[in-house]
Amino acid sequence: MASVELKSICKSFGSVEVLRDVNLSLEKGEFVVFVGPSGCGKSTLLRLVAGLEDITAGDLYIDGARMNEVLPSKRGISMVFQSYALYPHMNVFENMAFGLEQARLNQAEIKARVAEAAEILQITPLMERKPRQLSGGQRQRVAIGRAITRKPRVFLFDEPLSNLDAALRVDTRLEIAALHKRLSDTTMIYVTHDQVEAMTLADRIVVLNAGQVEQVGRPMDLYEQPASAFVAGFIGSPRMNFVTGETAEKHGAHTLGIRPEHITISRDAGEWSGSIVHIEQLGSDTYVHVRTEEAGIVNARAIGANAFRAGDDVFLTFQSDAVHLFNADGLPVGSART
Amino acid sequence: MPPAEAAATAAATPVRSGTLSTLSRQRIRSAWVFLAPMLVVLASVAAYPLYRTIWFSFTDASLDLISEARWVGFRNYLEYVDYGNGQGEYFGLLADARWWRSVWNTIWFATVSVSFETLFGLIIALVLNEQFRGRGLVRAAVLIPWAIPTIVSAKMWAWMMHDQFGILNDILLRLYLISEPVAWTASADTAMIAVLIVDIWKTTPFMALLILAGLQMVPNDIYEAARLDGIHPFRVFRKVTLPLIMPAVLVAVVFRALDALRVFDIVYVLTPNTDATRTMSVYARENLFDYDQFAYGSAASTLLFLVIALITISFIRLSRMDLEGKEE
Amino acid sequence: MTARRWLTRAGFYALVVVIIVQAIFPFYYAILTSLEDGQALFEVNYLPAALDFSNYASMLTSGVFGRQILNSVFVAAVVVVISLFLAVTASYALSRIRFRGRGLLLLTILSVSMFPQIAVLAGLFEVIRTLGLFNSLWSLVFSYMIFTLPFTVWVLTTFMRNLPIEIEEAAIMDGAPPFTIIRRVFLPIMWPAMVTTGLLAFIHAWNEFLFALTFLSTDTQRTVPVAIALISGRSEFEVPWGNIMAASVVVTLPLVILVLIFQRRIVSGLTAGAVKG
């Protein structure tokens, strides 16, 4: 039996339809990431599961029970908010205990559960502090701790890392992954617009675009076999190169999609020729932007430091087995590979 | 869509019933429970009394016989009494010269006081918007007239404007601005000026604060950009600052105008019983409680209410359009 | 250039001095007058010439002025407590819950706050007489709701609308029903706004004149604005200006001090009440 099941879910705000016919089935213990550009409806979808928004049409089941009209607190879910949403006037203990108090647990049970959660997240020494006395990372842990104490069946994360600085974001990402391992029975739904988070955390990714599910699949499946030009462009960093026009038609497609990592640069020979307009040095990699006659500006990855300079004339060659062909509707032509 | 945005979109449209979750139903139910006490109080303290006032204005109610009031139609407003010999006369509020005088007084008072308050308020707000040493002190000082009860300021000024012992006459005499003491509050020529002086003094701070709030919403880098471009400060004020703060100023002006149209306290205390300053509110109260013309006073109250209601409605209409324009 | 700059600067500070002097001089002069007695009263002094507290003594000991101050304190305090209590729950509903008719309700409340008091005076007089509240302080507590309630609701609604929505959603996820959200989550965050709003409502109630003049008829029941307005001498030439000024200072000084202490908050409260209209 699926842990969370969405059947033909639709959501409108007035006459504006933000979600259309969403069908999803999440396994127990699975880590599922909703990803998509802002405005695609991913947060709304999460809030429908949480019960913070009313479902316009369709059905939501958690562990087989229909949840459409059930109070959020009775759905067996917990949520970690983007802004953490800690109660500013309560200390860490009170923040974590508030939900348990509302559920009328006895004091001993509350203490035990909070202590257990605090132990997992290593925030036991912070129990007396108020949120404003905590760093961003500590607040994040308290927010997660508050969610854990309720022992949810489903754990919801709404862009939980977007308020952290870059270094902390990586650490916290790893911790969330560890938490998922630890709470292996708990289904997790995680919303982000950052495809790196999606790729690294997810068992399965749900790509949303304009209120519809664009593709569902394991991260590497999405990377290797995107179901549309949209998914191909969204998953993978830096973005896939899209080539249209004559060059694409030569390959029997409306659009060619080639990832920067599948293009090699040479000074001597290659399929396309052009001159370098811009170079981005990242240390381990270098991204070279080349203006070509055949394909416009193409971004290619070169490994490590190298001697290319802006203005240099170079040749580009792409691995033909890694080219994605799309028709005018953005859908793959025949099989995704040639 | 971020949650706040989603909520804003949702708030703008009515919730479709039939698909409401327990949460929405619980919340809507508590909304009405929470609102009920306030609504009951407002109904009994505003709606019902207003209805009764309007009703009294169509009756012959008198102060002691309120409960025996009988319907008399528009008589309190206007009535033509035919003397039978081909001659007749109009009676009622709309034919009462003293009423029209008080209408004129009120409009004159509102126009002049709000104009000066806006001008002075703008000047003070511009000063307070500058960075200079002692700004906190100025702001504190400016708040004092606002904090003083209206009655107290009327009395304070009444004493300062005393014809014999008043310091105002003393100052003006020393400066050779007047040649002999002026009976500010007692003389019909100056009574309105006296009322205006006190009101402007007392209410300018409120205006200044509202305009200052508007000024502080103007981002600082606009000024810096203008300074870098070498634009004359006066030009910056006229072309940049003024258009940006205009909405805030307009709202403040409307609020003040509505307030000025119902002025009572200052006039009643500073210049009692003179045609020169009697405003609509004073006129209405005199008839209600001093002259035992309860119904007639109610008619005056009703007319004043109509005037203010018209202005309020058109203001809300206009500002709503403006708000929607900003949202798009 | 420097001379011109210096002139501009001098002009600016001259303006600042004018603003300060016009703002504080009348109150300064009231204090000055209140400390003079007898003959000194009838000489125009610009600087303190005497330090005579007899005006204060006679105001506070003889007559009912002390009682009247208590009346004012009682009315204003009760009005503040009741209107804050009613306004907190109402403004939660108005700011946080979507329901049909919310916009109309907000407009109605805004309109009531612009009501001319005189328009309800006749009707209120009847209601108060019917309820048997005439010449009772409760008549003022009741009637002052017409201006304090819309004001507090409006300001608190504006304030609550700006509170982060996620905190409330966290509380919903935690299973807190609406009243618990108000009591346990919003109230503790909102107390600064409550203090400001309460203070402004207190000042409104403390200063009110028209209702107090109309609904109270005996000296012992009166509030201070009416009491001060009605102080008079046997003739125009015997008006006890010293006493009037002493009474004025007594009722104003606490307000001025409060306003100066809370000036930042008051400024933001006032603008929330008006600009957001």
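Letters A, B and C name the chains as they come in the text, with residue numbers starting at 1 for each one.
As a convention for this text, a residue touches a chain if its C-beta (ideal position, glycine included) is under 8 Å from a C-beta of that chain, and two chains touch if they have at least 3 such contacts.
Just so it is clear, the structure is predicted and the values come from calculations on it, not from any experiment.
With steps allowed only between chains in touch, the distance from subunit A over to subunit C comes to 1.
Two chain pairs, A-B and B-C, are compared here, and B-C has more C-beta pairs in contact (counted per touch definition above). Between the Cα centres of subunit A and subunit C there is a gap of 54 Å. Subunit A and subunit B have centres, each the mean of its CA atoms, that are 55 Å apart. In terms of their C-alpha centroids, the spacing between subunit B and subunit C amounts to 16 Å. Multi-chain contact residues of subunit B (touching two or more other chains) are listed as 3, 10, 14-15, 23-24, 26. Contacts with at least two other chains are made by residues 52, 71-72, 82 of subunit A. Multi-chain contact residues of subunit C (touching two or more other chains) are listed as 166, 169, 172. Subunit C contributes residues 164, 166-167, 169-176, 180, 184-185, 188-189 to its touches with subunit A in the complex.
Residues 3-4, 7, 10-11, 14-15, 23-24, 26-28, 30-32, 34-35, 37-38, 41-42, 44-46, 48-53, 56, 66, 123-124, 127, 130, 132, 134, 137-157, 159-160, 162, 164-167, 170, 201, 205-206, 209-210, 212-214, 248, 251-252, 255, 258, 261-262, 264-265, 268-269, 280-281, 284-285, 288-289, 294, 297-298, 301-302, 304-305, 308-309, 312-313, 316, 319 of subunit B touch subunit C in their complex.
Across the complex, subunit B is touched by residues 12, 15-16, 19-20, 22-24, 26-27, 29-30, 33, 41-44, 46, 86-87, 89-90, 92-94, 97-100, 105, 107, 109-112, 114-127, 129, 142-143, 145-146, 149-150, 153, 165-166, 169, 172, 177-179, 203, 206-207, 209-210, 213-214, 224-226, 228-229, 241, 244-245, 248, 251-252, 255-256, 258-260, 263, 266-267, 270-271, 274-275, 277 of subunit C. On the side of subunit B, the complex with subunit A involves touching residues 1-3, 6, 9-10, 12-16, 19-24, 26. Across the complex, subunit B is touched by residues 13-16, 18, 38-39, 41, 43-44, 47, 51-57, 68-72, 82, 158 of subunit A.
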